[in-house]
Every structure is written in structure tokens, then in C-alpha cells.
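Here you go, one structure.
Letters are used for the chains, namely A, B, C, D and E, taken in the order the chains are written, and counting of residues starts over at 1 for each.
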Amino acid sequence: MTTNQFMFFLFATIIVVFSVLTVTSRRILRAATFLLFVLVSTAGLYFMLKFNFLAAIQLTLYAGGIVVLIIFSILLTSQIAEKLEQPALTKKIFAGLAAVIGASLCIYTILLYNFIPSNLPSIGTNVDTIGQALISTGKYGYALPFEVISILLLSAMIGSIIVAKKRKD
Amino acid sequence: MDNLTLFIIIPLLTIFGILFCRDHKQVKIVSAIGMSLQLINAGILITMFLLQRAAGNTDMMLFVKDVVWYPSLNIHYFVGVDGISVAMIGLTSIVIFAGIFASWEVKDLSKEFFISLIFLSSGVFGFFISLDLFTLFLFYEVAVIPMYLLIGIWGTGPRHYSAMKLTLMLMGGSALILVGLLGLYFHSNPSGGPLTFSIPAISLVHIPPDVQRFFFPFLFVGFGVLGALFPFHTWSPDGHASAPTAVSMLHAGVLMKLGGYGCFRVAVFLLPDAAHQLAWIFIILTTISVIYGAFGAIWQKDLKYINAYSSVSHCGLVLFAILMFNKTAMNGAILQMISHGIMTALFFALIGMIYGRTHTRYINEMGGLMKVMPFLAVCYVIAGLASLGLPGFSGFVAEMTIFVGAFQHNDVFHRVVTVIAVSSIVVTAVYILRVVGMLLLGRIKNDHYLEITDAKWYEKLSTGVLIFSITAIGLAPLWLSELINNGLGPIIDRLLVVAH
Amino acid sequence: MINFSYTVFIVLIPLIFFVLLGFFGNKFKPLVSGIIGTSGLFISFLLSCYTAYQYFFVVPKIAGAFPKLIAYNTVWLRFTDTLHIDLGVLLDPISVMMLIVITTVSFMVHLYSIGYMKGEKGYERFFSFLSLFTFSMLGLVIATNIFQMYIFWELVGVSSYLLIGFYYEKDSAVAASKKAFIVTRFADLGFLIGILILSITTKTFDFISLTDPKGPALQQGSSILFLGLSTMTWSMIFVFMGGAGKSAMFPLHIWLPDAMEGPTPVSALIHAATMVVAGVYLVARMFPIFVISAPAALTVVAYVGAFTSLFAAVIACTQYDIKRVLAYSTMSQIGYMMLALGVSGYGGHEGLGYMASMFHLFTHAFFKALLFLCAGAIIHAVHTNYMTEMGGLRKHLPITHLTFLIACFAIAGIPPFAGFFSKDEILAAAFENNKLLWAVEYAVAGITAFYMFRLYYRIFWGKEQHYSHPPHEAPLVMTIPLMLLAVGAILAGLVPFQNLVTSDSLPFENHIELGIAIPSILIALLGIGIATIFYRKETNLPQKITRTLGSFYTAAYHKFYFDELYLFITKKILFDRVSTPVAWFDRHIVDGMMNGVSYVTNSVSGRIKGFQSGQLQQYAWVFVSGAIALALAFIYLWTL
Amino acid sequence: MLIMRHELLLVIITVILLLVEIFLPDNRKHTIILPSILLFFIVTVLGFIPGPTGELFGGMYATTPLILTMKNILNLGVLIIFIQSVNWLKKIENKGKIGEYYLILLSTLIGMDYMISSGDFLMFYLGLELATIPLATLAAWERFKEKSAEAGVKLIFTSALSSGILLYGISMIYGTTGSVYFREVMGAFNATPLQVLAFIFFFAGMAFKIAIVPFHLWIADVYEGSPINITSYLSVISKGAAVFILMIILYTVFYKIALLWRDVLYVTSILTMTIGNLFAIRQRNIKRFLAFSSIAQAGFILLGLIGQSQLGMTTVIYFVLVYIFSNLGAFGVAGIISNVTGKESIDDYDGLYRTNPLLSLTMMLALFSLAGIPPVAGFFGKFFLFTAAAQKGLYLLVIIGVLNTIISLYYYLLVVKAMFLNTSDQPIAYFRSDAYSRIGLLMCVAGIVIIGFASPVYEFILSLSHGLY
Amino acid sequence: MFEGVPLTWFLIVATIMFFIGIYGFLVRKNLITILMSLELILNSVNINFVAFNKLLYPQHMEGMFFTVFVIAVAAAEASVAIAIIINIYRRLINIDVERIDEMKY
């Protein structure tokens, strides 16, 4: 077993186990914590794949930003000590069925497909090239999405404020 | 502006005029003027048509106007008339004219009433002049849909139910037609050129017989629904019973003819092979219609139901005759459409007037009306006699033409069904006389009927026009028959080519 | 060649007067409209006489025969190149004869009605209807083709309907008119089918070509068979069905007695002298076809005629309503005429039956119209139809009495009255062809004499009843027609029919055969004698006889229950067993199907509403499963 | 730059409005309404000026005359919505949020423009999200209403789920073809199972936007809960854009598996028409009713996609155009009534014609157009859709379709019945709607009436659709 | 082959995660936990993109950038969702997804 394989299995195990815990834990704050673990291990996978920049974003934006946001909202809306109710059994069964069938279908189909691994050298993923690409307007340049996402974030922000702000009365 | 387009323009202008009317009276006057113009226009058309024919113009369609509308789909505004359409236009303008006067007393939302009515009529006119299947279909639906409001708002009895049923069934029919039309369209040019909706163009094409067999039932049943083909006729009794006077008139008088005309002009004309092969099924159905409608009418107590069932019977005869595929019978079919159109309009007009006076339509609650309103009663008797096919009225001419035509077939099947259909004339006599006896003759059953007054001038005008028409056709049918024959020529030729 | 186109006016004048009176009748005083109508008929009458004169005596014969003249013809409606309905005037011996009969009787009835209908409501309506009827009847007899005949056939039917239902406020009149119309309509259905069959075998409607010996109808012969009879036979049987309906032949006779609900002049005109003989006329018109192409049909005609004459005569003996007695007697007499046609051959003396039939038709018109008009005068005087409420009227109504007696002699076949001659020819024709039928008719002659004199004695003799007001003789305007017709009833028998109206239009020699004539006179006298014994004075003999006959009498009195049978068929079978189920079927099955579609749609819509549960996760579940299902289906089940 | 003029203009006015909003004092906030509309009107008009087309950003952004037309159509619809929403915005509870309303709406429109102009899946995805996420806040706009919040929840969560599935599909497309640029994907696509799976997942995500059964369930609840103008926005603009881009992608990217997606559409369109209709029958809330009706309409639109031809393509766009006018007409009337009286149930419409004839007429015209009744435009749209399907010989589908139109006619008539036929003891009283509403409705009516007869509209679209397939 | 770890392994892990997220989405009652499940879903897709990019198509950075933007979108989505959740909480004083069913049928 190579290091890579070991690392992969480690992260994969963490991801799968904590994913399961995230969706089954009856304490909501724990669930959020498990989610954090999942996201962090995902970042680990990114690191492993040499996408350092991406892993950093994953850690800061995802693990740092979103999870914190979630935790805040948990604190705002839930009793921490409170245990969540168990969902109804039929619901679990049906959902489980859908998930299992879906997963097996996808995995089976993926296994059917003959992916041809590339031997091409990887383009450098240092911050320079990424920055270049982000402001490039040619092919494989991402200036336009960058602008669009800013509009998205802006309007999402405005919208969130509108929805969440208290009434003035 | 060509003469044919005027038939659509005049109603629209009339509607426009009505929009600016202030009160009930103005609305009536504008409508009356508009429809009188329409009547005059129809007269001019007939005259011009006859003159053209007399001058030796032997084109299949006259006064053709062809304007490309949707070039990519080859949809045209393509109008033109042959003898048949001219006759139908004449019928329509007479009935709508009479209808306007028959609804002289509509007070509630009169503006809307007349607008819907005239709008409907524009659809009918459009239908009859269309030579393009698309516009034909468009006008068909235009003619059907105002019925919903007309029955629903101004009707009586279970009007909401009837209006809904009628509209849905008729639109169901039109849905089938749509499938058929598309089938025609996509097979209109087997050599791969541009497709077309044009009836004359498709009529020159030989569509493969198996394709025809697939689409023929759609078209025939689709139009047949409006033509009250058994077992798709059940909208008719309820619809007619609930509809206000003028609507019943127009509907039974003209709209049901759209069905027959469509079966004829589209289904049979454009799909002759299938028509020949499948005719027997529909002949059986129409024979059932004829007899069944007549027997259905015997039992009814409501005047409008009686007439509705009688319409089923008579319109069944139209479809029956169309399926006979010979000139005489088809001529009879068209004559029957016209005759029944006017006759039944007269009936409904009278029923409306009677109902307006007695406030009931149940024949067992009335009696002896002859004494208190002789004019209307006599008109009713005349209508009844016309309906049971008395010589001197149009019904006789039409029915005899059909029967003689249908009987010319050389096989037992056709002759047997003809004899069955013929026997309906007795049943018709039974129910007509039953109604006349119970309604008009005998003693007056209710004292308050003694205060009833006879027809007003507009009612006399309305019924007078109709009676004049049926009598005129009944006394001198030859010109009309020749007019129709004139249009039938190419259609029959096409059917005969296929038969051999 | 003489131009006969003016004959159109014989027909058109009544039509014009009908329209005139129909539209503007209420503008005139009643009497004026009566006079207008009558004068119109008078013109027609004169024209007919002139036509007859010209036709029989001026027009040159062709090869010794009276020619068939088309005085006027126009295509009215074209079906195919050969089949078309024409309107025209065909003049031949029988049509000219009928013109005379119709216009004469009609004129008399018009005249009579001026008095009879005085004070009735709807006076002008009455006269306009009478004109309409006359028009239709004239149109019928001058028809150049069978379809024209059918047209006017229908029109006489409707005029009859209108006139029977003249007293429309009387329920019985309304019912009777309805019955008459429907029964005859049913018969006309047969007529129409007959025409249709004819149209495909002969390809023509035209009488001249139909009866042309070289024409298609006669050449067809027994070519095509169906149920053992040729098409022509079937066609003629159906055509005869129409004739039987109009002429009230058994079993389509039931309408005629009821038709007596109409005003009496109407009964005289329509239901005695003219319309009811249309059937006979029809058979006569088609006679060559019957005789040559469809002998089986002719046999049917003979037997139906004979049976009807017997049947009606028996019933007539039991009835008390004087008009009904006359009605049954009419049926009986028409039976005679039918029989005569049925036993006739074609050409020369063979065609004796034909001639006799027409002859009887002619004479019958006079004396039967006379009888009815007399009955009218009587009813006018005593306001009842029932002979049980009459008696001893001979003193009060001398003219009526005398004319009635003449008519009775005429119908009983006592020489020298008209009936004797014609009936004698019929019996002679029957004797030559079919002894059985002859025997029947011979008996009927006796019965006829019996019931007519039963009638006569019950009215004019016997005990005088108490009348609400003393009966008095009718006004002159009514008695003049009586007297004129009485003259006709006496003299009509002297017309040399064998020279004028024969089956092949060729005159032939004919004499009264004493061997036939004397027995028939004797049996008539016997009938009269019995009636005299029974009814001249009040006796209890009739009751005795009645009791002896028992149930047969009761059955005859109830007209052999034919009304009930028809009522059963129409009400119980057609209405209850056909029409009601049809209506039910329509409401519940056919309509139910349509409503069922909407019901099913709605209920499906109700059933599946659970999908839209409002539960976000259920939505998501459907979403996910949908995607997975689609994927599964299209990856692994779907193949190109 | 001119190639991207639609988006840029929108961005510009968004920025202007943002600045104005920031600097406008609180008590003057409502004055922003008219300028916003005018600005947007100018943008709309400018959009119609012909200009260059082409690709930008290395094919990430592409526009063609057809896409420009579609953008113009969307602009037109949004303009009507802007006009229609004025009287709602003027209500007291919206006082502080007018500017934001425009900002968010415009940004979603920008998202749609980018989405339909996208040349790769990334831009497509971003546009889609930009067109969806802010909409959730609009759906939850009426904070004081539980229903509105519920609508927001349902919208944001289902859309997130759907975009998750869509993304999974895109990731597989990327994995199997090696690119997210449409042009590369197109060349490398074939029907291996994984690609079919990818396609189905991608399709499911799009189907969510268009509300194709079985991905439609959110629609009714969200439509009912949202403010009515947002509902109309969702039902016409958002859906129209999604249909358009789905069509473009199907016709270009997935053209190699055309037989496959035709059958997918075949099945789903039947389901969509039928289920939409069956649910619509039983609705009493007008918004919910229109929601289901719009599901059914989506099913009809799929007929055009199935047509797989120039005709089908043209017809889809044409139908979307017609549908925008018709649905906005219906929603406009419902919105006015809802704003004035607060009534949203069809039962409340009883006897409306006698008190408010013009509104009822407009509603009727709009509904007839939706039902496909001549002579209004919907008839032409439906007819052409069926023609497109019949062109492929799919007569069974056409038959099912036409039968469904009958069901749809039934429930449209139910509304007509309420307005025209029924009478009520307490009908909605007569009111005079404001000028904005009138103009809005007038535009709809004009569109409904004219588009059908004006064949140049259709022919124009057809000329643009040429060559895309 | 990325140094001993085949692509399918990544894909399988991602797929499992994806469907765990789906499962969570379908069964969790608390809206916030549902939101967490959504994050799992998006995260799994990101793994797909990254793995594809690295193992199959390393010559460009499409997968990576896609992931970046997905993360950004996820953030926006989360913020909006949380805003709405908070709004719901204010209205209903709970955020149980099963209670949010005022509108149905």
C-alpha cells in the first residue's frame, strides 16, 4: 500500500463515516461538527491531489465559512441540549432505498465506464497560474464567471438581508 | 376587398359597432343592420356565383383569394366557394338574421350576447369559405367556443353543466380533427415538396390507403361529434335544451352543419380510399343515429329535448347520405343540411317564443295554444310538417333526394340501411304530431295562458324569414339542387376514380 | 292538337284560393271567404268539364284509343339523369274522370259548407283547408309521374289531417287526426319503398314510360328474385301498401272511422268520395305493371279488397254512429273497387274489372257524398250522431229523406240507380275470374243493402225521439247540393264507361249480364227486406239476433278489437318497449359514458392528490426516485 | 462589448439602482419605481436594436440572433412584470424593500441572460444559480406571511437538491468528455451508460426548473406562497429561459443522443401534461391553479422539443413568447385582484364579470390563449407544437396531447365559469385599477391578440432558428 | 493511475457521499440538518470534478475552477437558505420540515 493509497483510504473512511454520522446524529451541533470533519478530509483529498489552492478555499470558505454560518444558525434556532426526533421508519426505509439503489446504479455505471487515465503533465496549480486564469478572458480563462459569481453573492446577500431582517415595528 | 372576406369583416365590424352602443336598443339595431348586410351580401354572392357559372366559368372554386399567411408552414388565407359553400353561406346568413330578431328581448348583458352571437357567426362564415385546412380549423373553433358563454350565461335549466359538456365534447371532436389535419398535412406531398394545408391541392394527391385508414376515423368522428354522430351526440340534447333561443337556432341550424360539411369536404373528399373502405362502420352508426334519435324524441316531454333528438335524427341522415358516395345522396345531404338548418332554427325560435310566454317547456303542462297565439301555433305546425318531410317544404326535397340516392346502390347492405333510415319518417311523424297535439291543440290547461299575446313584429319577422325560406326551397328546389350539384362534381369524380 | 295547358289552372286555382284564404282569410267576413272559396272551385269545376268534353269528344283518338297527353310538364327536382321529379299534367281517361269527380263533389261540398259551417269558428280556415285539399287531390290525379303522385299523396294526407282536426279543441278530434296521419304515413312508407325499388329497377318515375308495354317496367318481368317474388312484385306490393293505407284497406283501415270526427262535409269530400279512393286510383294508374309484371301483387290486391269489403260490411251492421256506419260502408265499397281491379285482366273485355272499378269509383263518389251530406243535414238538425237518438225524421226533413233514400238504393244496387250498374260489372268481373271472391262480394252486396236500410229506417222511421228543438230542414244552400248529387246518383250509372275508361283505353263492348244482375238485385232486396222487418217499426228482433250471435256480435261491435291491437302495438310496444328504453339508454348509457369519462378523470385527480402532500422531503424523494428511475430505464431498459 | 450588451446594460442599471437605493433617504424610497421602469424600458428597447453576435471569453459566452431574440422576449416579459408589480410594491409592507426588489429581480434576469448565452457548463451553472438563488429570497419576500416563508424554503431546498443532481450529471459529463465547453462536449458525446446517466441527471436538474413531472412538485407550493408577481416571474421568465437553454443544449450538445432524449422527453411530456392537468382540475386557489396549468403547459412545450427540427425549435420559442403574454395576463389579473381585495380563490371570482368586466375579459382571453382557443395566440402556439410533434410521426403523442388540451380546457373554463356564469351574493366589488396595472394588462392583451395573426413574428423566429439544428 | 489510487475509487467515495447526502436530505427533520446534507451533496460533486481534473484531464484546470465556483455558489445558497430558515423560525418557532406543509394538494 502506497502512501497515497493509505492517505486516500484514511480520508475516504473519514468522509464516509462522518458523512453517515452527519445525517444520522441526533444532536445537531454534533452533526455540524461531523460535517466539518467531512469537509476537512475533503480538503485533505484536495491536498493529496496537489490542489493546494483549492484545498485552502475548501478549508476557509467551506469549513470556515459555511460551517460557522450553520453553527450560528443552529445556535439561533435550536436548543443545543435537545435531541432531534427520530424520523419515521417508513421515511427512512424509502429514503434509504432510493439512496441505495441510486448509489448502486451510479457505482455500477461508473464501473462499466472505461476511463482512460491521462499521462499528460499536470498544469501547474500554483497561485500564479490560478490568478492568471481567473482574470483571463480567453479560453480556459475565468474572468466572466468571476464577475457573475460576484453578482450572485451580492444579490444573495441583499436577499438574505431582506428576508432575515426583523420588522421595523 | 373581396366579397368572401366581407363575410368575416361584416360581423367583426358589427361587433365593433356594438362596442360603442350605449343601450340595449342601439345594440339591437346595430346587430340587425349588420346581419341584414350579411344577408344582402349572401344574396349578392349567390347571384354573382350563378352569373359566373352561367358565364361558363367552370373552375372548381370561384372568387378564390389566396394570401400566404405563414409561409414557412405553407399556411394560407385561402378562401373560395363552390356551390356547396355558397348554399351553406346562404343558410347561415338566413339563420343568423332570424336569430338576431328572435333574441330581440334579451335584456341581460345584451351587448355581450350579441357580440358573442355575431362572433360565433363570423366563425361559421369563415369555416364555410375556407379552403385551407388551418383556417378551416381555426374558424371551426372560433365558432364553437362562444357557445360556452352563450349557453352558460343566457341559458336556462342546468346550463352550466350543459355548456361545459357541449364545449368539451365539441372541442374533443376538434382535437380529433386536429390529429387528422396534421396527418393530412404531412402526407400532402408524397414527392417530398412543400407540404400544404390547401384542400384543392391535397385533393390532387393520392395518399397511401393505409395512411388514409388511420386518419379517416379521426376526421370523420371529429366532425361527426358536431354532426351528432351516435354515440357522440349527447351534448346535443342537453346543450340545446339549455341554450337561449338564438343560440339553439344557430347551433342546431348552422353549427351542426359544420360537422356534416367537414365530414364531407375534408374527411370524405380528401381521404376517399379510406372513406370507401370504412364507410360501412359509419353507415351503421349513422343509421342508428337516424332511428335512435327519432325514437329518443318520442319519449321526451321537454320541447327542446324533442327537437334536439330530432336534430340527432336529421343530422344523422346528413352523415348517412354523405357516406353513400353518389351524387344524388350527397346532394341530398347538403340539401338536408340546409333544410334542417332552417327548419330547426324555426323550431327553436318558436320554442323560445313559446317559452317566453308560458314559462315552461313541458308539453304536458301546455295545451290549446292554438287558440291564444294562432300565429305562432301555425308557424309551429308548419315547422312540424316541414320536419316530418311534407312536400312543399324543404325537408321533403332533401329526404327524398337522400333516399333515392342511397337506394341506387346495388348491394343489399346499402338498401337495407336505406329502408331502415326511410322508416324514420314514420317515427318522425309520430313525435311531431304528438307535440303538436299536446302543445297546440286540445283545451287550454292553464287559465293564465289566456292572457298570452301573439307574436310581436320582430318575432313575426324572424319566423317569417325562416318559413319563407323552407317554403321557397320546398316549392322550387331545382335551382338549389343544381347549385349544389355543381359543387359536387369534382368531389364525386374523385370518389368514383377511387371506387374503380 | 289541342292545347291543354289551361288544365294547369284546374289545379292552381284551388291553390291560389288556399293561399288567399290562408293569409287574408281573417280579413274577410266569414261568409265572403266561403263564397270566394266556392267560386274558385266552381271555376275549376267548369274547366274540368270543359277538359273532359274536349278530351273525350274532341281530341282525335290514336288507333282507337284515348291518347295519354302531357298537357304540361316541368322538371321540379333532378336526382339523376333519368330519375327526376316532374310536375305536370297527365291527361288520360282515368285522370279526366277523376277531375270531374273531384271538382264536382268538391264544389258541392263547398256549396254545402257555406250553410253547414255557418257560425263556426275558423270558417275561413275551413275553406282554405278545403281548397288545399282539392288542390292536392287534383294534383294527385293529374300526376305525370309516380313521385309527383307521392308528393300530392302526402299533401292530401296532411289536408285530411288538418280537416279531421278542424275542431282542434276537441281531444277526440285531435286524436283522430293524429291517428289518421300516422297510419297513412306508415302506409306511405311502404309506398315510398315501393317507389325506391321501382327507381332502381326501371330507372324512371314517369308513368308513361312505366306503363309503356315496351318500357322497362313491363320488360323487367320477374327478373330479380327476393323471397320468391320478383322485384317488380315487391315494388308493387309496397306501392299497394300506400294505396291500402289511403284507401283504408284492412289492416290499415283503423283511421277511417275515427276520421269522422271531422266536420261532416269533410267526411263527404275526403273520406268518402275522393281521397279514400286514391288507393284505387293508384292501383289503376299502375295497372299495366300489376297485371303484367306483378300478377302476385294483383292477387294480393284482390284478396285484400274482398276481405275488407266483407269485414267492413259486418262491422257496419253493428255501429250506431251514423257517420261510422257510412265510414264502414265506404271501406266496404272501396274493397269492391280494389277487388275489381284485382280480378281484372288487361285489355278488352279482360279488363272488365278495371273498367268496373273505375265505374264504381265514379258512381260511388256521387252516392256516398250524397249520403254523407245527408248525414250532415241530419246531424245539423238533431245535433247528435247516434241513430239511437233519432227516429221519425222523415216528416221533418223531407228533402233529406228523399235524397237519402235515393242514395241508399244506389248503394244497395237497385236499378236504375247508379250503384247497380257499377256493382253489377264488378260482380261480373269477379264471377269470371274467381268464384270465391265473387261469392264473398255477393254476400257483401246483401249485407250492404241490409245495413244501409237499417240506417235509413232508424233515422227516418221508427219512434220519434224528443229533440231539444224541433228538427227542421236545412237551408237551401245545403239542400241544393243534396238534390244535385241525388241526380248524379241516379244518372251516373248511365255513363258508358266501357267506351271511355278502360284498361287499355280502347273501348269494348259490354252488356249487363242478367245472370249476374238478377241474383244481385235479389240479394239486395233481401237485405232491404230484412232491414225493413227489423227496423221499420220498433221490434225486439234485432236484440234477439244480437244475442244469438253473441261474442261474434260483440267482436264486430268493437270493430274486431283492431283499435286495441294497434294501441297495444304503439303504446305498449313502441312507446314503452322501444322509445322509453331508448331514452333511458341515451340518458344512462351513452350519456353516462361521456359523464363517466369526466367522472373518472375527476376521481383520478382526487386519488393522486396525495403526491402533492406539502412535504418537502416527499417532493425530494419523488425527485430523486424520478431521476433514478429515468436513469435506470434509459440506461438498461431502453434500446435504440 | 456590444456582443454582451444585454447583460451589460442590465448590470449598468443594476448598479445605478443600487447607488440610488443607497443614497436615497428612507422616506423617498418609493420614488424609485418610475425611474426603474423607465430605465428598464430603455434597456428593453435598446435590446431590440440589432447588433453584433458572436463568442466571447473563448467560447464561454456566445450569442446568436436567436439568443438575442430570446433575451428580448425575456426583457419584454420582465418589463410587463415590473409594470404589473407597481401596485403591489406600493403597499405599506413593501415600503422599505422596493429598490431591493428591482435589484434582485434584475440580477436574476442577468443570470438568465448568462445562462442562455452560456457556451460552457460552468457559465450555464452559474447563470442557473444566479437565476434561482435570489429568487428564493423573492419567494420568501413577504416576511409576515408563513406561506411566503414556506415557499422560500421549498424553493431554495429543492433547487439546491436539483442543482446538486445537475452538478453530479455535469461532473460526469466532464469526466467522460474531458471538457465543460459545449463545443468539446458535443464532439465527444456518445451513448455510453455513464453518459446516459449524466444526461439524465443533468436533465433532471433542468426539468426541475421547467417543472417537468416528476420534478415538478415544488411548483405549486412555491407559486401559491410567493407574492403573485414573483409567481408570474417564476412561471414565465424563469421557465421560459430554462426551456430555451434546455433546447439549445439538447439540440447542440446532446444532438448525438437525440434518439435517446427524444424518448425521455416523450415519456416525461406525457406525464407532465397529464399530471399537470389532473392536479389543475381540483385547484381552487388561482395561483396554485395557474401553477399546475403551467406544469401542463410545460408538457406541451416538450412536444416542440421532441419535434427536433427547425419547426420544433421555432415553435418552442414562439410558444414561450405566447405563453409569456398569456400567463402574465392571467397572473396580472389575479395579482390586481389579490392586491386590491386579498382574494385568491377562484370561488371569490364568482360574478366578477358583472362588477369588473374588463378584468374578466382579460382573464378570459389569457386563459383561452393558454387553452389554445382561437383566434388568440395560444391557438397558433399549440397548433404549431402539435405540428412539430406530428412531423416526426408521433401521432400517439399528439393524440394524448390533444386529449390533454380538452382536460385543460375544462379547468380553464371553470375559471371562466366563475367569472362569467356564476353569480354571487358578495361579488368582488367594482374597483378601478391603477394606470400601471392597466398598461401591463394592455400589453398582455395586445400580445395575446396580435402575435397569432402576425405571422412575421413566427417567421422571424424561424429565420433565426435556421441552422441551429 | 494516480500513484496507486484509481479514479473509480474517488468516484465511488464521492458517489457514496452524494447519496448519503441525499439520504440525509430525505430523512432529516431539522431544516439546518437538511442544509448540511446539501453541503455533503455539493462536496461530493466537487470531489468528482477534482478527481476528473487531476486524473484524466490535467492539462487544464476546468474541474478545479468548477469546484471553486461551486463552493462559492454553495456559500451563497447557504446564506440564503439560512436567512429563510431564520425567517421561518421567527414565524413558526421551529424549523421542522414536516411542519412546513401549510400548502398542499
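By definition in this document, a contact is a pair of C-beta atoms (placed from the backbone, for glycine too) under 8 Å apart; a residue touches a chain by one contact, two chains touch by 3 or more.
What you are looking at is a predicted structure, and each value in this text was computed from that prediction instead of being measured.
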Study note, to complete from the structure: Touching subunit D and subunit E alike are A, C
Check your understanding: What chain pair has the highest count of contacting C-beta pairs?
Key -> A-E
Practice item. Tell me, please, which chain's centre (mean of its C-alpha atoms) is farthest from the centre of subunit D? Key: C
Check your understanding: Taking mean CA positions as centres, which chain lies farthest from subunit A?
Key -> C
Point to revise | Nearest-to-centre chain - CA centroid comparison | key: B
Study note, to complete from the structure: Between the Cα centroids of subunit A and subunit B the separation in whole angstrom comes to 70
**Study point:** Separation of subunit A from subunit D, taking each centre as the mean of its C-alpha atoms, in whole Å
**Key:** 31
Review point. Which integer distance in Å separates the CA centroid of subunit A from that of subunit E?
Key: 6
**Study point:** Distance between the centres, which are taken as Cα means, of subunit D and subunit C, whole angstrom
**Key:** 77
Review point. Among the residues of subunit A, which ones contact at least 2 other chains?
Key: 91, 94-95, 98-99, 102, 105-106, 109-110, 115, 140, 142, 145, 149, 152, 156, 159-160, 163
Practice item. Would you pick out the residues of subunit B that each touch at least 2 other chains? Key: 168
Check your understanding: So which stretches of subunit E touch two or more other chains?
Key -> 11, 18, 21-22, 25-27, 35, 56-57, 60, 62, 65, 69, 73, 76-77, 80, 83-85, 87, 90, 97, 100-105
Practice item. Provide the full list of chain pairs in touch. Key: A-C, A-D, A-E, B-C, B-D, C-D, C-E, D-E
Practice item. Enumerate the contact residues on subunit B facing subunit D in the complex. Key: 69-73, 75, 109, 134, 137-139, 141-142, 145, 148-149, 152-153, 159-160, 163-164, 167-168, 171-172, 175-176, 178-179, 182-183, 185-186, 214
Check your understanding: For subunit A, which residues are in contact with subunit E within the complex?
Key -> 1-2, 4-5, 8, 12, 15-16, 19-20, 22-23, 28, 31-32, 35, 38-39, 42, 45-46, 49-51, 53-54, 57-58, 61-62, 65-66, 69-70, 72-74, 76-78, 84-85, 87, 91-92, 94-96, 98-100, 102-103, 106-107, 110-111, 115-118, 120-123, 125, 129-130, 133, 140, 142, 145, 149, 152-153, 156-157, 159-161, 163-164, 166
Practice item. Could you please specify the touching residues of subunit D with respect to subunit A in the complex? Key: 11, 14, 56-61, 96-97, 100, 103-104, 107-108, 110-111, 114, 122-123, 126-127, 129-130, 133-134, 136-138, 140-141, 143-144, 152, 175-176, 181, 192-194, 197
Review point. Which positions of subunit E touch subunit D when the two form their complex?
Key: 11, 18, 21-22, 25, 31, 34-35, 38, 41-42, 44-45, 48-49, 52, 56-57, 60, 62-63, 65-66, 69-70, 73, 76-77, 80-81, 83-85, 87-88, 90-92, 97, 100-105
Revision key, fill the gap. Contacts from subunit D onto subunit C in the complex sit at residues 153-154, 157-158, 161-162, 165, 191, 193, 196-197, 200-201, 203-204, 208, 213-215, 217-218, 220-221, 259-260, 263-264, 267-268, 275, 278-279, 281-282, 407, 410
